[in-house]
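You will see two complexes here that share subunit A, one where it goes with subunit B and one where it goes with subunit C.
Up next is the complex of A and B:
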């Protein structure tokens, strides 16, 4: 087999697994159906990482596998490119996907239909990052979208269907404009592959420049909706907060980042890509700080986490945008791209861990309100956890997201701030870090032991799980705890092995197989002092937030008006602003 | 207050439409001559390479079959989502309404009033006509599906016609001895197995040295066989899923 055939295994194996899972759906319920479903999951989530390991030497030496699907003529076929970026994003997707699926065995949603759709989503992630064809990118984004619309309401929580519906509406409308952007580029150049378009765009007349700007803006803003950058984030909190915990982990860990890295392929090649990167970078910095302020005001535990996903993706977008605006072949650009990917990867690990551990706790306590829920450890003990693994998982995740050394969050946040020192985003991100610490102190209160007075929900913890038999309950517990401990171990390992990982990712993302990224100094006195100051600031902010005035301000932020049509208005205004920014940059 | 809110909404809507309209203007004003590369290539090589007279099918099952796989998956997942939604609405209706007044709950998503056992809202005319027409529609669906490479049509269109044939058969069965095609377990089986077949066919090119989604019959005398095969698989899959969904909406799934 040639390498061209092997790279598509990362897409086809999950699809094969999904079709096995669907076949399990029609078999009579029983042992055979279960075996077929698990075999499907093994094929779909277990084998692709082996394929990735097989492909590592290829991408590590700076080569890439590219070609046309079905070996057709390049002008009519679908081109693809499997390079280091694709390898890294695949690795991210399969790590989180496997952990989340194992967790879903314990906490639901279960069943072959869920497994099948979940595997299809994984396949779509892999296809999205590999494609270099605009229309194929559209199809991949649609598959990613539709699987999330289906997976979000499987939690059967009130409001989940509505959240999924509003996500569907706004994202489907945005995809119409994505298609119009694709049409615009095809009209100008007669090509759909990125390279065909970018070489075609060099020959267009100056009167058509406007159309190429508009088309690029339509593509970028449709993808920005998926990434949930600042004005376009409105769909995310409900969808992520009400989805099943395993799905939340994948949605905020992988799903919002894959389109971003797929977009970077377009922006590298197309004219005006650098300007778009510049604007997106600033939007990312703003996203980080606004997201964290809103997160601090939330009272629903999972919604608080969802706003933190917005804030953290802001970090990633800020570094990513600046990397593109500097040019990705420069050492500074490469270092920023390395930092952006590393933070995307580490955020997926610790946010996945947080979603799973907090999700487990609120399920056991049957209470999601941060201000009411207390004594989480006791509730978990009542549910059969002798060692408080879930609590330890939460602590690891919370320390990682607050960038406390030596956990992985410290490494990636330091890498980002190190690479962008002195810019506007640097200050925005430093302020956001303070808010992160404060809001995680607030969230950690759900584990604080109760005073006797406030024990409202004591008996619910004991009566839990009476419906299911003890054996399946024990199985569920094992599956849940395995997934959480695996993520926690990866969080710690990612922090301890940071120098090696930075070298590997740096080499992968530099062209030509040598590491051209500047390695950040991690444990300098400066950085440690900054971490200390941030933590102290966070504690201070927490006390301000819990004071009378503070809680009134937060109450106002929490109850700010949010509307369905606002999603569409912000999309159209955001797109118009992007076009205006590019036009002004071009003609002035 | 209500009036001010309405004005606010109108303002928002006009802002959004105005902004989007201004953005889209250059797309409609473009005067550049149309691109010709793909067109000329297809006219020259399309029929020879794929064997299909209908070049549309050469594109969507040959050159860009990977996209078609994606669209098929979208349909598959959409049907799963609809079934999930239906079962939830059904359980909500069951929880709220009494069992006697099924007619009242007709307004709900799954038409419970039209349960097969009770035959409420059915007439003899409907049953006789649909029962007679069903097999013919089914046959026509297979025709459209199998001749997709020669004339307009193909798997998706043929599949939808097959689905209407299935719905006719389900409507037209006068006793409760339902034809096998209106049983949801059979339809679900066809759907799952044809999806598995699609994946296997997509991979098969690799073993013939044609690469992923390559045509394994490309060097044989009948390269068009690949398109016919894919058309049949897609037709069966689309027909089964849409028929499955319609029958579920008529309240006939278990």
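Up next is the complex of A and C:
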């Protein structure tokens, strides 16, 4: 079997699965419809990882599969490229996608329509990272967007519909500007494939440089909205906090990272790509710290997690941007890119786990406020969990995000800070790490026991008695716990097997088949001391934050005005600033 | 040149509608105007090298660039999908809150949560 023949399976299989799921929707409800739906999910989420395993030897040896979709001529058809980057992002997407879908069997939203839309989203993710055609990227991003506008309101919360609407408006408007950027490049070069455009741009006159700068800025800011980097993050907290837990896990695990890595393909090739990377790297560092400060102020458990997604994507963007500004073929650039991907992947694992475990807890307790909800373990036990798997999942996730060894978060955060030691972002990220520890101490309070257990026990017991039949509930419990344990195991394994994983990812991302990344020293005294200092700082910050003055400051941050218009103002200002930065960089 | 200026006006009107209008249905109109401006810009671009429709017949020489037209067909389809979805969300918001005004919706949604 030639690799050319099977690369498209990663896009086509989920679409096939989605069509099976929609067939299940028109069948009368019953056993057959269920079997067809599950078969669709198996085809869409189970088979593509096998295809990826088959493709591993190809990408590991430094080769890539590229060509034109449908055997058209170069210059007319859509070009694609399946390389190590595409392989890694696909792996990330399918791991989290499968875990989230299994979880959704237990906690909802259930049904063939959900499965179908979910699978289309997975296909779009895979296509986004493979495409090397600007207009095709537009289409893929729109499909990804449309499926998330559909999936967010499936939680049936009123706020989720509003969040989805705001996201739709800001993202669809930004995509029009993406289209204008595409127009600019097509006008300048007459090409749409990345390589065609970049070779065309070599020949343009200096008077056209301005148009290419503006076009690039439009593309980058439209994608930056999806990535939710500062200052374009305004849509994310509501959408991620109010979506169903399984969808939240995918949104913040996969959906905000895929466009970022797809953007790196553009920035590698286009002029001014390095400068854009530099600016986005700094924006990433700022995002990390602003995100964590706002997260610390939140009282809604899931919204706290959503702001942490912004903060953690800041880490990824900081490393990613610096990698691009250094040049990805230099050893330093490659090690930063490895660190960025590793953190994206590990963040997807532990944030997915946190969304699922905290989501389960707030569902069982029917209370989302961090200041009110207590005794989460007791609530889970009342809901039928003999062993507190959900609690263990939370602990693993929280320790991982706070970068406590030997969990995976420690590995990726150390890899990032090791590679960027001494730069401005390094200090920003170190401060953000302190805030992360503090806010997770705050969040862990939802599991603290209370004295008045008896009365609470009675209440939950009554409300559970009126639930659906016990058999389907047990079934749901198994699905939920399986998904959470799988992610928890992956978090621990990702930490323990770190040296091997670093080597593999390093080899994959060095374009030549040999590992040119500088391996970080993980368990040096320095790093362990730093972790200890960060943790102590976090505990200290937690006590400051719970003091009287601290709570007043946090209250002010939490209740800062947020408006629909603000999303557009920040988009316009962000784009203008990017253009100004590039122009000043060119003429000075 | 005058076409481009007009298209810029159309683009700005659309953007203004999305940002400044309080009524969410009007915001969706604004999004459509914005989209239409981008589509027409591409069509105008294809017009630079010829004016005939790009349907292959013998004796046609001055055809427009067909690629922008193909692209814009796709973009229009996507625009229709987004509009349909936005309207569905708007109807749902109206059912929940009884209003199309974005500020009122925000307040009432906050009360429900």
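By definition in this document, the second predicted complex is superposed on the first by the 576 of 588 C-alpha atoms of A that agree within 3 Å, B and C clash if a C-alpha of one lies under 4 Å from a C-alpha of the other, contacts with A are read in each partner's own complex, and residues count from 1 in each chain.
Here is the rule we use: a residue touches a chain if its C-beta (ideal position, glycine included) is under 8 Å from a C-beta of that chain, and two chains touch if they have at least 3 such contacts.
All figures in this text were calculated on a predicted structure; none of them were measured in a lab.
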| item | value |
| --- | --- |
| Which of subunit B and subunit C A:159 touches, first, second, both or neither | second |
| Touched subunit A residues, subunit B compared with subunit C | B |
| Which of subunit B and subunit C A:564 touches, first, second, both or neither | second |
| Which of subunit B and subunit C A:176 touches, first, second, both or neither | second |
| Touched partner set for A:73, first subunit B, second subunit C, both or neither | first |
| Subunit B versus subunit C as contact partner of A:15, first or second or both or neither | first |
| Contacts of A:499 with subunit B and subunit C, given as first, second, both or neither | neither |
| Contacts of A:5 with subunit B and subunit C, given as first, second, both or neither | first |
| Which superposed partner A:573 touches (first subunit B, second subunit C, both, neither) | first |
| Contacts on subunit A seen with subunit B and repeated with subunit C across the two complexes | 76, 135, 139, 142, 146, 149-150, 153, 161, 180, 183, 186-187, 565, 568-569 |
| Complex contact set, residues of subunit A against subunit C | 76, 135, 138-139, 142, 146, 149-150, 153, 157-159, 161-162, 164-165, 168-169, 172-173, 176, 179-180, 183, 186-187, 192, 564-565, 568-569 |
| List of subunit C residues in touch with subunit A within their complex | 14-15, 18-20, 24, 27, 31, 34-35, 37-38, 41-42, 45, 67-68, 71, 74-75, 78, 81-82, 85-86, 89-90, 92-93, 96-97, 102, 105-106, 108-110, 112-113 |
| Complex contacts: residues of subunit A adjacent to subunit B | 1-2, 4-5, 8, 12, 15-16, 19-20, 22-23, 25-26, 67, 69-73, 75-78, 113, 116-117, 120, 124, 127, 135-136, 139-140, 142-143, 146-147, 149-150, 153-154, 156, 161, 177, 180, 183-184, 186-191, 204-205, 207-208, 210-211, 213-215, 217-218, 565-566, 568-569, 571-573, 575-576, 579 |
| Interface residues, subunit B side, partner subunit A - complex | 9, 12-13, 15-17, 19-20, 22-24, 26-27, 30-32, 34-38, 41-42, 45, 49, 59, 62-67, 70-71, 73-74, 76-78, 80-81, 84-85, 88, 185, 188-189, 191-193, 195-196, 198-199, 202-203, 205-206, 210-215 |
